[in-house]
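Each of the two complexes below includes chain A, the first together with chain B, the second together with chain C.
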Partner chain A sequence: MDFLKPFIEVYTPDHLKFLLQGFLVTLKVAAISIVLSFIIGAIVGTLRYAKIPVLSQILAVLVEILRNLPLLLIIFFTYFALPELGIEMEITTAAIAALTVFESAMLSEIIRSGLNSIEKGQTEAGRSSGLSYVQTLRYIVLPQALRRMVPPIVSQFISLLKDTSLAVVIALPDLLHNGQIIYAQKESYVAPVFIIVALMYFIVNYALSLAARRLELKQS
Partner chain B sequence: MDFSVLTNNMDAFLEGFKTTIIASLIALVCSFILGTLIAVMRIAPLKALNWIGTVYVEFIRNIPVLVIVFFTYLAFTFSGMTAGTIGLTVYTASFIAEAIRAGIMSVPKGQMEAARSSGLSYGQAMRFVILPQAIKIVIPPLGNQFINLVKNSSLLGIVAGGDLMYQGDLVNAKTFAYVDTYVFVALFYLVLTIPLSFGVGYLEKRLARSN
Partner chain C sequence: MIEFSKVNKFYGDFHVLKDINLTINKGEVVVVIGPSGSGKSTLLRCINRLETISDGGLTVNGVSVGDKKTNINTLRRNIGMVFQHFHLYPHKTVLQNITLAPMKVLGQSQKEAEETARHYLDKVGILEKAGSYPSQLSGGQQQRVAIARGLAMKPEVMLFDEPTSALDPEMIGEVLDVMKALAREGMTMVVVTHEMGFAREVADRIVFMDEGRVLEEAVPADFYENPREERARLFLSRILNH
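Moving on to the complex of A and B:
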């Protein structure tokens, strides 16, 4: 029963509390980034859908660059390179900023393609019944598009929650980081720590993906 | 923009670029094989296999890839590059399995029934009738997974895997020119990912037209 010993040593109330504290940081950073990137992504996606000259093109280039870069690079850049340009942020803010910038680009693409998937006739009908462009967008196109966008948006949120773990590279005291502190004590702690850390991420993400699937079923 | 950061460290950047490409390619091939296996397990007419496949996919794709990479690096005595590539493979396989499963499910049921009733075994029907048709539908999502793989390969940098990200950090430690170094690292990544994402977009459009 020797192999059980590290498990018993790791799964103490103190360690579990410490891990949960880290998980709360993960959830907090993820939640703030989700809200911010949803707002920015919705604005950028809608502006690109509206095809406003110049602005749409600039946004298109920005979005293409950002979503084709590794998030890790954006996190490093935000925390280590931006101070060179006079922008200094503490760890949590830097993590939220980097996540928000990257996920906004991803979400704006989901929102833009959701809007594009609504038949042109809907806009034309809205416009010809006397609604302005913005009214048509707001009352006709968006409500239909939103329903289609929900599943991909939720899976993007799951990605974001998982991606939060990358912020350990700038020492954000999140779940993975606190796990690292525990397994740094003893080599045999590695497996027990990773099992519990993986389970914590899994439970929340799996619940989210089940919710997304139910929404999908409800629609169809 | 100080181009001497690039020119003075060209060897390091190219070395990292090469490692990023090699790691991504190896992980792509391996996760394609593993992903196909898991997809077939999930739809095979055997409850135990279904269950193993489902547990693999649901568990792996709901945990961060960094957790997997760290685990393979720390729990086994692999080098950073090997551990990173294995971690990427394990993670990506779950997404590829889902893409392939969706592709297989989109082939009408009659195809399997016809193949089976003309005397092919389940394995033969899968291999010669279903998979060749499914692969067409699966190619665009596979392309997207490859782009993700290239981006995720940057995690090798965290476990000293010698990739672009890692070499970039070495250059940083030498030059302290963080902005310049990261911009050049970014350009190297974009050289890989932008053409890939245009390619995937083109394939998606062509496929939508052919349907």
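Moving on to the complex of A and C:
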């Protein structure tokens, strides 16, 4: 039963509390980024769908650039390069900013293609009854598109939550970061720490997927 | 009430409507026929500016459809449209499908809009489906809801683009019956359809189109028995013998 020893040693109330503190930072950063990136993504996705001259093209270029960069690079850039340009942020803000920018681009694509997936006939039916473009979008296209978009949006949220761990590179005191501090004390701690860290990520993300599945079932 | 004068339309280089001159009077039922690709749908869709014309004049009730000063949403209130594939809103019940525009465009109260909706649902014979979703209805029922949705705006004109060609044969009759009743009540109607029975019974005029032109206009009896144009004769022999 020797292999149990490090587990018993690691799972002390103090360590667990420290890990939970890290997890709260993860959840906070993720939650704020999710809300912000959903709002920005929805606006950008809708503006691109609406094909507003110039504006839509500029947004398209920005989105394409962001989507094709590694998130890690965006995080580095936000924390290390922006201060050179006079924009300084503390770690948590920098992590939220980097995640929000990247995830907004991803979500805007999901929302744009969701809107595009609604048959043109729906818009024509709405417009020909005298509804304005915005009314047609609001009452006819968007509600249908949002239903279709729930699964990809939730899986994007889940990957956002996981991606917060990339912010360890700028020393964000999140779950993974605090885990590293604990297992740095002793080599035998590595496995037990990873297991409990994994468990925490898994529980929250799995709960999210279950909630999404519930929502989908309710709609169909 | 609807007047095309020398209307031309291009899709890029493709000349889809050529020098269209056509007048549709109040209370008239006009049936548009012609081979596939001849421009029937395009002609119809120009009337409520789902398509824009390239040049010429097009007016509805004296109002120029293409004019930038024309409020298109105001104009469209007055023009109902029924599509081949119904285009009901799948996330809304039958009743909500019908009340949406009257509430949001005309500013009717929910109560008022629902009363009107029930009146027209009764008229098209499916009042009992008010609470259903479109996916729970047959094709014929969906198309009747689409007609009720158009009528609920109390338009002066109704446009129909092949309203029965996506339907199973046994459901065509129920939709045509609703349209015939409408025609007899004096609704101004422009109908793209190959249903000869309908045309003979209620149409005041047949407009035959080919390759973007109006080739012939005639009363149904003359047109079907003795078309002047060789193309029309050919077309009729094809649809009659298929």
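Convention: the second predicted complex is superposed on the first by the 219 of 220 C-alpha atoms of A that agree within 3 Å, B and C clash if a C-alpha of one lies under 4 Å from a C-alpha of the other, contacts with A are read in each partner's own complex, and residues count from 1 in each chain.
By definition in this document, a residue touches a chain if its C-beta (ideal position, glycine included) is under 8 Å from a C-beta of that chain, and two chains touch if they have at least 3 such contacts.
Quantities reported herein were computed from a predicted structural model and do not represent experimental measurements.
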item	value
Overlay on chain A: chain C relative to chain B, clash or fit	fit
Chain B versus chain C as contact partner of A:E119, first or second or both or neither	second
Touching partner for A:P143 - first (chain B), second (chain C), both, neither	second
Chain B versus chain C as contact partner of A:A191, first or second or both or neither	first
Which partner reaches more residues of chain A (counting touched residues only), chain B or chain C	B
First, second, both or neither for A:F77, with chain B first and chain C second	first
Which of chain B and chain C A:S128 touches, first, second, both or neither	second
Superposed arrangement (fit on chain A Cα atoms) - minimum chain B/chain C Cα distance in Å	21
Touching both chain C and chain B, counted on chain A across the two superposed complexes	none
Sites on chain A touched by chain C in the complex	119, 121-122, 124-132, 135, 139-140, 143-144, 147
Partner chain B, residues of chain A touching it in the complex	64-65, 68-73, 76-77, 80-81, 84-85, 158, 162-166, 168-169, 176, 183, 190-191, 194, 197-198, 201-202, 205-206, 209
Partner chain A, residues of chain B touching it in the complex	58-59, 62-67, 70-71, 74-75, 147, 151-155, 157-158, 165, 168-169, 172, 177-179, 181-182, 185-186, 189-190, 193-194, 197
Complex contacts: residues of chain C adjacent to chain A	48, 50, 73-74, 76-77, 79-81, 83, 85, 87-91, 100-101, 104-105, 146, 149-150, 153
